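Quick one: the structure is below, questions incoming.
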Amino acid sequence: MDGVFDLGGKQGFGPVDRAHEDEPYHSEADARAYALSVAARGERAYPIDWFRHTRENMVPTDYLTRPYFDQWLQTTLAMAIDAGDISLDEVISGKADALSRTPDPMRADDVRKALKTPVNFEREATSAPAFAVGDTVRTDHQGKPGHSRLPAYARGATGTVHAHRGAHLLPDAGAQGAHVPEHLYTVGFAARDLFPEVETNDTIYLDLWESYFVRR
Amino acid sequence: MDGVFDLGGKQGFGPVDRAHEDEPYHSEADARAYALSVAARGERAYPIDWFRHTRENMVPTDYLTRPYFDQWLQTTLAMAIDAGDISLDEVISGKADALSRTPDPMRADDVRKALKTPVNFEREATSAPAFAVGDTVRTDHQGKPGHSRLPAYARGATGTVHAHRGAHLLPDAGAQGAHVPEHLYTVGFAARDLFPEVETNDTIYLDLWESYFVRR
Amino acid sequence: MEPSYDSAKVAEIHRHLHSHLPSEPALRVKALESLLVEKGLVDPAALDAWIEAYTEEIGPKRGAMVVARAWTDPDFKARLLADAGAAVDEMGFAGQASGHLQAVENTDAVHNLVVCTLCSCYPFAILGMAPPWYKANEYRARAVRDPRGVLAEFGVALEPEIAVRVWDSTAELRYMVVPQRPAGTEGFSVEALAALVTRNAMIGTDRDLAAGGA
Amino acid sequence: MEPSYDSAKVAEIHRHLHSHLPSEPALRVKALESLLVEKGLVDPAALDAWIEAYTEEIGPKRGAMVVARAWTDPDFKARLLADAGAAVDEMGFAGQASGHLQAVENTDAVHNLVVCTLCSCYPFAILGMAPPWYKANEYRARAVRDPRGVLAEFGVALEPEIAVRVWDSTAELRYMVVPQRPAGTEGFSVEALAALVTRNAMIGTDRDLAAGGA
């Protein structure tokens, strides 16, 4: 999917604003929005890739202007409405339909457990890796129709495999509810091969799945 | 330049809103913003490409949210400040410095003349055209550092020359104050070669300058 | 004075304007009008001339006259399709953005749609002010990627066999669509025919014109 | 119930939410909290647990402890650079987004900078909540294209000979930078060293740590 969320390399943005950088939350509303978003997502069937893709489908100007956790909260809400866990009417009216209470939210103990439990996205490979460290690879010149993780700035670009990370769940499939392991590589691109005005020898590293490359 | 203004093919945008479609201006403010913008630009040294590029350099969220002619007006103002025709202090304070009045604005007669006078951007070619009608051409996979007219959705793409339009002023140079004629072609691209989900046989035509293509 | 041609400089000016100008468009334009007039950068009479031109004189009726003449005068149609800028000049309609006009013709097998994805280029001299939707993010983003979806929203249901040609005007070339003459209009005068031609048909978001008028 | 996995459907839901929810963030979150609690989708005690975890327990002090240990324990450093997820687990810091952690080391010749251009992926378990600038459009847009310009805004003036490596975390791999140990800290305790490590140094927007503390 191509959209305004794909911000890497986009020009016209001004200085970085460092306000509130030393507080975990920059406002009480920010903290509540974060907590609501993660508590409502909890153990439910809202996979991370579907969460990211649902956020990508937000009204573009909302994506670029609304506070970060406010966007998370709206995204969680959109997923809950989509899955039928709450209705749009309930959200608009602000009144829960008493006949349809959701029985089993995440509890404080579940939170404490989640906070100590890293999620593992590596899976057993179902094929041999097509590329090895040191190989030259070229990315596809276009994006994918749905959720995907090849930023526009690195399309049609040539880089070098820096590391093979084993097979990881492909986000493109995850955003469609499927679990598909695919080889994941960290690829280094010369910055001057990505951006026409660059004159340094700097390198940009991206973690990219095998299907994002053109077979040579 | 890569920026939010390059909207072609970006996803996540909703239905087209047809409000006010049958009125020349959708509000009095809209009409005044238009007129102020073109009247202040007038005969002055604000070339069209510099105008477009100055608009592209607007705060990205302003670009996506502010009314169209309001953007023109802000762009004209930014060009006037840049050229020293008015100062930022004057704009912020709302008070003109009496000592620096600009003597010669566009008059109503100039407007009536401009409204009957098409501008010609064709110039004598300084080289033979590299491509002919029917040729297969491939566009550069990246944009240019400054103002340019190869949209992101058509980069690294292969198309067919539909027409050679002669040599026209290159916008990339125009936005830097230079007048450089370059061969201009209308190129047809199969929609399915531009966007991964397309299944139709539709064609997208773009007017592209010779330097936007990779020599094969 | 001369522009700097410095992107970073104008970007910074824009950030200042973003912070300091009134956010509300009507307040903003009012404040700037007073200032620009006081400064001598604009003449109030010129403002009125610009607004009136596109309110009273220049508008899609011009394009409709061009189309109606093309329907009734095969020689003119040939000239229009070969060099639309010269053809509209012939009719006295030369003006803003008509210098490199291209006319593209709908047929039973082809539908044309015009957009400008990089800004909002439009043939002002023959169609007047562009409708707000033409300048909107939604149309600019979607017309090239999902032209049939956009057309459906405008009530144009295209059969799959009809090829869509989208013209994204990235140069100073501007495009107008010559729609098909509706059946049942044999013997209509040029004026009566022109009354059937909608502005949207000349952009391509309308297709089947009605003999009874739009 | 199950997600539809239908992009167009969630996009339409977002448009409804855009139109119907209060625009002001504080009002919006208040309205939604009441509703989600009433509906039984969230437990108020779980909300408090989430907020407190990142206020009290989890934060950049964890990452600083990891860095300080790496400075003083060569075996740990080797394990950290080989498998940072396992190394932080060893210290009891495994948690959100630490499963595929990668540690990248600054040297005299190399400076590392971390960004996520597609969303805002961040190693929560060892750095806590990401600072607002890390999630902002400006940083996401500019860190890959103009890393030296961004670093200069953070007060890091890099000589041209120092190579910049930007890590754009597009997968579930998360990155932390291991900054260089400052001179003059020989004999410092691990705790004293950890107090010198800034959060920004572990993202890469800080480079030269001071022996006297940040």
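By written order: A, B, C and D. Residues from 1 in each chain.
As a working rule, a contact is a pair of C-beta atoms (placed from the backbone, for glycine too) under 8 Å apart; a residue touches a chain by one contact, two chains touch by 3 or more.
Here the structure is a predicted model, which means the values were calculated and not measured.
Asks: Could you work out which chain's C-alpha centre is the most distant one from the centre of chain A?
Replies: Checked the centroid distances; the maximum from chain A is C.
Asks: Just curious, how far off is chain D from chain A if you go by their C-alpha centres, in Å?
Replies: One centre to the other, that is 14 Å.
Asks: With centres defined as the mean C-alpha position, give me the chain A-chain B separation in Å.
Replies: 33
Asks: In angstrom, rounded to a whole number, how far apart do the mean CA points of chain A and chain C lie?
Replies: 39
Asks: Among the residues of chain A, which ones contact at least 2 other chains?
Replies: Within chain A, residues 1, 5, 9-14, 57-60, 64, 153, 194-195 contact more than one other chain.
Asks: Where does chain C touch two or more other chains at once, residue-wise?
Replies: Correct list: 11, 15, 137.
Asks: Chain contact topology under the given definition, line, ring, star, complete or other?
Replies: Per interface graph, the chains form some other shape.
Asks: Considering every pair of chains, which are in touch?
Replies: By the stated definition, chains touch in these pairs: A-B, A-C, A-D, B-C, B-D.
Asks: Would you pull the chain B residues touching chain A in the complex into a rising list?
Replies: 1-5, 9-14, 56-61, 63-65, 141-145, 152-153, 155-157, 194-197
Asks: Note which residues of chain D are touching chain B in the complex, please.
Replies: Residues 11-12, 15, 137 of chain D touch chain B in their complex.
Asks: Please give the residue numbers of chain A that touch chain C in the complex, ascending.
Replies: 12, 14, 60
Asks: For the complex, which residues does chain A have touching chain D?
Replies: 1, 5-11, 13-22, 24-36, 38-40, 42, 45-48, 50, 52-55, 57-59, 62, 64, 66-68, 70, 73-74, 77-86, 88, 90-92, 94-96, 100-108, 110-112, 114-122, 146, 149-151, 153, 165, 168, 171, 175-177, 184, 186, 188, 191, 194-195, 198, 200-209
Asks: For a test of understanding, state which residues of chain C touch chain B in their complex under the given definition.
Replies: Listed in rising order, the residues are 1-7, 9-11, 13-18, 20-21, 25-26, 28-36, 38-43, 45-51, 53-55, 57-59, 85, 89, 94-100, 115, 117-120, 125, 128-129, 131-133, 135-145, 147-148, 150, 153-154, 160, 163-173, 200.
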